[in-house]
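Per-chain numbering from 1; labels A, B, C and D assigned in written order.
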Amino acid sequence: MQYKSQAVAKPYFIAALALFVAQILFGLIMGLQYVWGDFLFPHIPFNVARMVHTNALIVWLLMGFMGAAYYLVPEEAETELHSPKLAIALFWIFLVAAGLTVVGYLTVPYATLAKVTGNDLLPTMGREFLEQPLLTKAGIVVVALAFLFNITMTILKGRKTAINTVLLLGLWGLAVMFLFSFYNPDNLVKDKFYWWWVVHLWVEGVWELILGAILAFVLIKITGVDREVIEKWLYVIITLTLVTGIIGTGHHYYWIGTPEYWQVWGSIFSALEPIPFFAMTLFAFNMVNRRRREHPNKAATLWALGTGVMAFLGAGVWGFLHTLAPVNFYTHGTQITAAHGHMAFYGAYVMVNLTIISYAMPLMRGRAANSNKSQVTEMWGFWLMTVSIVFITLFLTAAGILQVWLQRVSDNPMPFMMAQDQASLFYWLREWTGVVFLVGLVVYLASFFIKGEEKAAA
Amino acid sequence: MNVTPTRGIARRLDLVFAFLVAATGVTWLVGETGSAGPAAVALILGLALVKGWLVIREFMLLRRASLLWNLVVAGWLVLILATIALTYWKALR
Amino acid sequence: MTETLTGDAPVSRAAALPRHPPGDLAIWVFILAELLAFGVFFAVYAVTRMKNAALFDAMQPNLDRNAGAINTVLLLAGSWCVARSVDSIARDARPASVRWLGAAIACGGGFLVVKVFEYAAKFAAGINLATNDFYMFYLSLTFFHFMHVILGMAILIAVWIKARAGGYSAADHRGMETGAAYWHMVDLVWIILFPLVYVMR
Amino acid sequence: MSGTFTTSTARNIFYGGTLFFLLVFLALTFQNEQIIPKRDRREMLANPQIAEGKKLWETNNCIGCHTLLGEGAYFAPELGNVVVRLGSKEAVKAFIKGRPAEGIAGRRSMPQFNFSDKDLDAIADFLEYVSKIDAAKWPPNVQG
């Protein structure tokens, strides 16, 4: 850690990991509800568990991105953060808002929550991933703007590198695209059309800029390869990402009342989306192979390489599997989508957050890297979680194929619930694999508390 | 200005251009006469192949690049034209 | 192993790299990506035509082949001018290089004008992307290409401005080669598009 | 001369390429806005019940279990075509109304929302409207 103010990242990372735990616990509840239908009913119905699961994910990833920005921007800009106090204040505001929102989800019926939080003023709630009350959404905008102010001011007064420029662009894009969450017309087709401007243009657009910037930063640090080399590849990869990803939005416009030309445009451009992910994997391995130093933090290197591979598999390969319109006609809205969603989010955004946390946390705790013992434990966490998510994805894919076959393709299409019963074996396997994932997460978290021989900070 | 080989390049470019325009004229003529069928399609796709090849080699200057680069870009051209020809042929049957 | 750890490794690698075409490697990555996108688009067109040959053959005569052919010539001429411009700067003939570039930009502008008239006629007939599969592809492909011509012209104009200011020389004109390569790509794509969409039946 | 690869060119291509594809996407969006009036059944929205039904759909987080035109959660059946599948709006209303408050033992259970008859009408009107949107022949069959 070269600048004192980088330390503000620490509470962000800790809160992110706490929310990660909450996300997984609620995921396990949902997984169980898939096979034990009335588990916790009517106290925590599936839809509530799902809101907590997905919203906790989104919030902790955002927390992680913010922490990453607070950590790497001062170092890249070679100056202290504009206002560490603001960063800490925003942390508490964000955390309390997120906490209150979750408490709201869990304690009162959603309709009541909508009423008391003023959803009537501007109805925005009750749409997938955008379930947050108006107040929370407004809070997110305020926090995001203040955060961007802080980061932008820091970069303006310091060195402008490709990494912090790309990061800043991604973060601004994130904030701007979120504004579409306030647009909710009665016309369902338009509602859905612009809803994707938040969801797709986040995860297959601007978030990938953030991902690329964080990965590039960590690769420079752990490999010692010339900044010039890493930065130009960063630009090439994010160019490919946006060239394919922006029009790739069209792969969500096949069956929601939008015209048929999206089937052609969406299929073509989203079919090319795996390319930037593949490039990123090649890039990460290439840089590590060309390393000019042996960084003591092996765990961070593992996470960085893992991000490349898993993002390619989850977002690239599993996305491609069902992105072509003729295939998607049968797979749209099935467990295939869920399978892709799990591996893509884990492989791209969970792992990149854990990469920067793995790299930065030891430094913020005053050492170049954790002890060997701690790192070995962390790597166990890596493998347990990563292998689990692969199997969760495979089981969900199996469930999805079965569902598509029974419910969509066969001559005598089976009703939804009957088809679900047929897939219950795979849901059980998924749930047990989810337990293994939780074990992996506990092991990972335990690594933070393992002492041993440490190397002094560089 | 007085180096002969480079003047040669200019003349070469002029000849390529003249050929490209002439080939385009033939393709246009095929369209104007409303010609259909395998022979006409083979002619225009063949001309497209030659035109594309000339643009790649002479204008994009891939003749100065390694074999790999030539294979990649010309391979693209051949692959696309072959796909078009194949689908045309299958639609006939 | 030790070799990858030493500082001079990239230098020895560079020597082993294949000879790249003129221009910056970054533009070539972009060109390959564009060619791939167009290539897939053409293939999807071809397959859709295969399945709906009757519709495609019935609709195709409505296209303006004259406009298509004129535009082909304009793009070829533009490409030729750019190639001559690069050749001129390689001989340090700077005024000639700038003139050739200007001519190329004029050709591109001509293409856009012809295309706008062609589109105007189609739009006036009430044709849009939802009319039928043929017009969907015709409009999609030509519009996507149309946008590329605009982008190519933007690049050429940037190069032209720099060339006029004396920014290129026989010793260093990589920027011009970079812009030229992109412009030729736009031409190359049209060389397939014209027979495929306007003529083949 | 050959074999160069500069950060500044890569950066310019990034900005130019992104802007370019964004413009193409916006053009496609513009065309989308021109075409969807023929597909999205916006004339039905003259009935204020539909907007009310959509709001009830949202404020009860139906999307948290169900899909609507294939988007949402995959825990419970697709509802874009539910009016067609169950045969009538009345059947849809009866189904919603008939959910036991304590759920069905061991089964995935839909909560009892205690909707008024007016609310149920609005929800059914909304679901009927959704079933009439031209979704390019999706879903493949009535089971959704």
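One rule holds for everything that comes next: a residue touches a chain if its C-beta (ideal position, glycine included) is under 8 Å from a C-beta of that chain, and two chains touch if they have at least 3 such contacts.
Given the structure is predicted, the values throughout are model-derived calculations rather than measurements.
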Labels of chains that are neighbours to subunit C and to subunit D: A
A-D or A-C - the one linked by more C-beta pairs in contact: A-D
Rounded Å distance between subunit A and subunit B, as computed from the means of their C-alpha atoms: 46
Centre distance in Å when subunit A and subunit C are each reduced to the mean of their C-alpha atoms: 37
Distance from the mean Cα position of subunit D to that of subunit A, given in whole angstrom: 23
Shared interface positions of subunit A, touching two or more other chains: 232, 235-236, 239, 243, 259-261, 265
Residue numbers of subunit D (touch at least two other chains): 2, 5-6, 10, 13, 17, 24, 31, 35
Sites on subunit B at which at least two other chains make contact: 64-65
Chain contact graph, described as a line, ring, star, complete graph or other shape: other
Contacting chain pairs - touch in the sense defined above: A-C, A-D, B-C, C-D
Subunit A contact footprint on subunit D (complex, rising order): 5-7, 10-11, 13-14, 17-18, 21-22, 24-25, 28, 31-32, 35-36, 39-40, 42, 45, 50-51, 54-55, 57-65, 67-78, 101-109, 111-113, 129-130, 133-136, 138-144
Residues of subunit C that touch subunit B when the two form their complex: 18-22, 32, 35-36, 39, 42-43, 46-47, 49-51, 53, 57, 61, 65-66, 68-69, 72-73, 76-77, 79-80, 82-84, 87-88, 90-91, 93, 177, 180-181, 184-185, 187-188, 191-192, 194-196, 198-201
Touch list for subunit A against partner subunit C, complex: 226, 229, 232, 235-236, 239-240, 243-244, 259-261, 264-265, 267-269, 271-272, 275, 289-292
Subunit D - residues contacting subunit C, complex: 1-6, 9-10, 13, 16-17, 20, 23-24, 27, 31, 34-35, 38
Sites on subunit C touched by subunit D in the complex: 14, 17, 19-22, 24-27, 30, 128-130, 143-144, 147, 151, 154-155, 174-175, 178
